[in-house]
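Same chain, two partners: subunit A is paired with subunit B first, then with subunit C.
So, the complex of A and B:
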């Protein structure tokens, strides 16, 4: 397990009688940028907060950089967490915030944070309240990177930014990730950003993990198949059906491949990341067992 | 030095787009033997993409023997991509032209022709893989 930065096993969190996260098991490899996607309320923030040690699990295990998150200075020094609203003291200047970072973090590297902000031309002598949302996000990121974490947890870091600020923020992030080989876990709704920036995907829906893996492997494992409605199972029986829609004459399915599709009656096409995410998000609540057993329904109900 | 661009709508994976753009630049002479490819960090910042995507593209090019990575310095062009001789290309082109006039004579419009070609390419590629 030493090559996983974040590992969870049967992780669950309940608030009163509501499960925010259930039976969550993921392995996020070291050195990747992992995207956490899912509808609002799917458990993304809960998972990030559990990983950061900000809340305690109801049951199950979470392991970050080889140990359970706890409020120990040496562990905290390796973990960067940036909450959705980028909480900064608004009446302080960038300079003062960097000074705070230096005082509060044993592994602080001033140049990492300061050079980054200066190269972006962000005024460090102004109160943070006078800066734009994009500039504040960059200061939040720079301070988080200044403590030289080995893993960075970002909750919807670009959700409130305009497209240019978003691009700048993500460029800073990908550059920093390359230079320091840190692991990043970020939640986001923006599939176009994820496609460029992330190489690992964790898809949450209904408080459960529906899909997790390296993005290129996930895309390679799924296909659209289109064929005439009356087609018998046509060699698809071994594949898992993720999504299907039918008209009187035609069937369109997204399948998770379990070997090649040879039957020439099926027209086969690649699946895009957005299509994949939407298909899994739109899936009815699936229990792990049922999903593996699910088979092509058109075989039974054809006329 | 060349600069990459990504077409997010093309459906072609970003690392393949980078590989293709390097080969394209080599064929057209924008990149020559000995030239340096853009440093990974520069590409990452400029395109806002995951460093592993760029590394994967450069590794692919290295595996094909087109470039060489010198540790700590950068990635450099070793040779141009091999391709058939111009004569062979012309011969193939004429074959395709003949097929196209047959298709048009049979009443196929451009879209149908494209659909046929795309399907043949897809089938051929997947057979090659399997």
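So, the complex of A and C:
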């Protein structure tokens, strides 16, 4: 727990007049497989690209493996990045791309990349433009893994893989992490996958971090509570209400615990990861609502 | 890095090499004929100063369109290289997103760019040097017959300047690609900016790259020998005090000439009258022997502009977001 692989403090990135990421502070420990979840446009790709040193922060700090991303071969060698669209030189063959990996990375392990692709039966002598999207994704992953990085930054790595390839890829991540203390930060929409392999969660929404922490601790800190309608808020004042829904007679709340719930009127149940993710993704931030209201009043003021 | 560039550009390099060999064969064969006709037609009439020039023109230059084509190839090659080698070099990576692949290997962006630019410019220099040598050799009999090879497309396609133009055009193409991140706009801007640079240089800058020589010529003389080979920049009629004389319908205004000459109708007699009163043509020109000095000056200028483009490319690529 002492070492962090990825640390950001007040990290922000603005594209023209739009904030892609705002006041982002996360702390991903070494050896974690961290999931980056959130709706489309929440800033997941921006965070990963900032960590990979592809883009520069507008403000704040990002620190990967002990230093800010910079254009130095020894730092670059430790960081594996795979962009969402899996860019590859389309006129080259798989063999040539593996050759590129070997020539451009001092810590390259040919066997790691080649065995993977051969066991998947991917033709390495064809131009990659002739391969399917899933096969290209596998080649991209193989190059990233062959580099033997200490941290892997993967932008929706499984999006174009079939279920079998996805399972296989995720288990190979777990193996690699177990063997080499690899840290992985991956973005994904598939909560079932995350639940299986990830132990750390960063939830982004509206360009901001809504929730971050070890998944087991997050689950332990949240509860569903169900009780009669009239008792809303009653006895829950010290807890943070994440999400609430009401029927005529009954209220269902997700709360972030701040101490035990003593009130016997509430029935308490554990939350699942998917429920937690959905609750936070659906949540509107207070400051967000306030600024929306301001914007509304400006609109109304117009003649 | 070099290995990767070779894998990517292999086909293109081989294609260009084959095209160059074909061009060499073609220029070699036709060049022998040019040389041959020069020897038979021009050298045999070297005794007579007049008439030979026009004869050689008719045979070597005006008689066929071939020499126009050869000059055009030399003139246009730097544009072609800037547009098709320079502009897509970085822009294509941005278009296909592969810059995110290249820049996340264990190689800094600076080194990545340095190796790409070095090989592209190296190949450009090699290609243009060979082509320009061929064209210069092919054209040398015509040069001898024509005398003037300054201030025209002939100057632009021989000697050293094509190398300067080509390096500058490729560097400009790379810079435009890094700036605009799209191949086609980068190609367009490369053509446009390079065209303006070359037009401005040949029209307005080249005459002044070296101090022009001036010479006084009698109004009735046939013109002194150095002017036949030189590049005349300006010509004015001056009086005995070396003051320019205002002209009226191409002849000195009556008010500006001595009274004794005023009555004479424009023509040879007027010329003789003015000559005897110290009137002259004042001609500013670049002599033919300035050819190499002008070539070196202009090449240096374009190489310097090219360096500015390369430096800006490095600045853009290492600063900007991927």
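Here, the second predicted complex is superposed on the first by the 280 of 303 C-alpha atoms of A that agree within 3 Å, B and C clash if a C-alpha of one lies under 4 Å from a C-alpha of the other, contacts with A are read in each partner's own complex, and residues count from 1 in each chain.
Convention: a residue touches a chain if its C-beta (ideal position, glycine included) is under 8 Å from a C-beta of that chain, and two chains touch if they have at least 3 such contacts.
Predicted model, so just to flag it, every value in this text is computed and none were measured.
K.L.:
For A:159, select first, second, both or neither according to whether it touches subunit B, subunit C, the two together, or no partner.
P.N.:
A:159 contacts neither subunit B nor subunit C.
K.L.:
Count the residues of subunit A touched by subunit B and by subunit C, then name the partner with the higher count.
P.N.:
C
K.L.:
Taking the superposition on A as described, I'd like to know which of subunit B and subunit C A:56 touches: first, second, both or neither.
P.N.:
After superposition on chain A, A:56 lies in contact with subunit C alone.
K.L.:
In the overlay, answer first, second, both or neither for which of subunit B and subunit C A:195 touches.
P.N.:
first
K.L.:
With the two complexes superposed on chain A, say which partner A:270 touches: subunit B (first), subunit C (second), both, or neither.
P.N.:
A:270: touches subunit B, not subunit C.
K.L.:
Where does A:30 make contact in the superposed view: on subunit B (first), on subunit C (second), on both, or on neither?
P.N.:
neither
K.L.:
Could you look at A:112 and tell me whether it touches subunit B, subunit C, both or neither (first, second, both, neither)?
P.N.:
Touch partners of A:112: none, neither subunit B nor subunit C.
K.L.:
Of the two partner chains, subunit B (first) and subunit C (second), which one does A:170 touch, if any: first, second, both, or neither?
P.N.:
first
K.L.:
Can A:178 be said to touch subunit B (first), subunit C (second), both, or neither?
P.N.:
First partner only, subunit B.
K.L.:
Mind sorting out which residues of subunit A both subunit B and subunit C touch, each in its own complex?
P.N.:
Shared contact residues on subunit A (touching subunit B in one complex, subunit C in the other): none at all.
K.L.:
Spell out the part of subunit A that touches subunit B in their complex, as residue ranges.
P.N.:
Interface residues on subunit A, with respect to subunit B: 31-33, 167, 170-171, 174-175, 177-179, 192, 195-199, 216, 219, 260, 267-270, 272.
K.L.:
What part of subunit A is in contact with subunit C in the complex they form?
P.N.:
Subunit A residues touching subunit C: 49, 52, 54-56, 71-74, 76-77, 79-81, 83, 85, 87-92, 96, 99-101, 103-107, 140, 143, 147.
K.L.:
Residue numbers of subunit B touching subunit A in their complex, please.
P.N.:
So the residues of subunit B in touch with subunit A come to 6, 8, 11, 13-14, 40-41, 44-53, 119, 122, 126, 130.
K.L.:
Using the touch rule from the top, collect the residues of subunit C that touch subunit A in their complex.
P.N.:
1, 3-4, 7-8, 96-101, 103-111, 318-319, 321-322
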